[in-house]
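A single structure is presented below for examination.
The first chain written gets the first letter, and so on, giving A, B, C and D; residue counts start at 1 in each chain.
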Amino acid sequence: MELRVYYEDTDLGGIVYHSRYLNFCERARSELFFKRGEKPVWRGYHFIVRHIEATYHLPATLGDLLTVETELKEVRGARLLLYQRVRRGEELLFEMEITLVCLRGDRPARVPDHFLQVLG
Amino acid sequence: MELRVYYEDTDLGGIVYHSRYLNFCERARSELFFKRGEKPVWRGYHFIVRHIEATYHLPATLGDLLTVETELKEVRGARLLLYQRVRRGEELLFEMEITLVCLRGDRPARVPDHFLQVLG
Amino acid sequence: MELRVYYEDTDLGGIVYHSRYLNFCERARSELFFKRGEKPVWRGYHFIVRHIEATYHLPATLGDLLTVETELKEVRGARLLLYQRVRRGEELLFEMEITLVCLRGDRPARVPDHFLQVLG
Amino acid sequence: MELRVYYEDTDLGGIVYHSRYLNFCERARSELFFKRGEKPVWRGYHFIVRHIEATYHLPATLGDLLTVETELKEVRGARLLLYQRVRRGEELLFEMEITLVCLRGDRPARVPDHFLQVLG
């Protein structure tokens, strides 16, 4: 998934505000659903974030064209572990491991195959 | 209502990103409810924004302490007209007139007295 | 310019938070520069927002694909008047007139031809 | 530091969008400076984020009053390790360890005592 850095993403330090990379990664996860005409909400199933471990390598700045890559690492019951990476061309700017928990309503629920096919 | 300007509010121009003033004004409207222990959602009634006319006078910057003032100008059926102003001390930074429409579910509904008391 | 509505753009009302449309419009203005390999900052010239008059017609929601159109209406000295519109297919969701002021450093400056070619 | 959850912080899931907790924590770090009449930028020294390890325990929602606590864990050369926690009353909602790097201009620089006094 490609995205552009706009004014709203930057702060007065002249670079992208640190929490925006989490937004970029969430857009990439959701886009996996949208591009198939689906949504990351299905029959009451949805995801919440449980844990993030993120490393910032290089800053992005206004007008940069970024690529976000998403890789499914592990599924265990209601938990998904994903690896995501933000690049600018060949340069690695940001990477994280994110653990999501699948809920149905308020309760953890085994990740449905429907979701696994999309995230696949 | 007082609020502080943080990094997230600024952009690489070094000043507050223009749409953030709308957020600041929305916080001030919601805070009128929160400080009474209420919410701007009540028995299915809530507001949506219909129209904004806003003027930017002076920019705010990191660390500024801003004051947001809200004045109810007019109520007509489902519509509310508010005047809001953002100041830094005596300086006027931003002002707007905002028209809200009260909905119950999906349909316009006369603004309940419950809301008028709060905004009043 | 096309853009997608993501989680970050929505609020608990289930629709796009009102100030985000201003961000969408700013992205569209900046993208006019980026797609030519330029930036909306040039030799110290840049824009600030002076005035906005905006009307909200219909709400956008998660996963919507939106189109933003930008039309230059008037140039007078340091001032630009633009009309911008956000559509979802044929539906008009949002429209605004926005007045920008061109600054060089801190002072209003006649909009350089370089900028007019891009916005034109 | 106390802060309120507003509409802009929530998404259509009805809870606070996950990256906003990073913003809340950044506000708390910056507020340590602002409340002394200082800024987290001083003689060219400033911080960037290098690493985050964050755990989400419980979601916050509209109108919640949150408390953010910040504890300096370790200083080593240009690096600072902080522990931050977001609570709602007695409930722990979010916690993270964040590693910041102090830069002077573009280069890592030993954290000045001036900053340590504030964060200390």
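We adopt the following convention: a residue touches a chain if its C-beta (ideal position, glycine included) is under 8 Å from a C-beta of that chain, and two chains touch if they have at least 3 such contacts.
Computed from a predicted structure; not experimentally measured.
Distance between Cα centroids is largest for the pairing of chain A with B. For chain pairs B-D and A-D, the one joined by more C-beta pairs in contact is A-D.
Chain centres here are Cα averages; for chain C and chain D they lie 31 Å apart. Computed centre separation for the pair chain A/chain D is 21 angstrom, with centres defined by C-alpha atoms. In terms of their C-alpha centroids, the spacing between chain B and chain D amounts to 26 Å.
With touch defined as above, residues shared between interfaces to two or more other chains in chain D number as follows: 7-8, 13, 15, 19, 23, 26, 62. The touching residues of chain C, counted against chain D in their complex, run 7-8, 10-15, 17, 19, 61-62.
The part of chain A that touches chain D in the complex is made up of residues 13, 15, 18-20, 22-23, 26, 46, 48-56, 59. Considering their complex, residues 4, 6-8, 23, 26-27, 30-31, 33-34, 39, 62-63 of chain B touch chain D.
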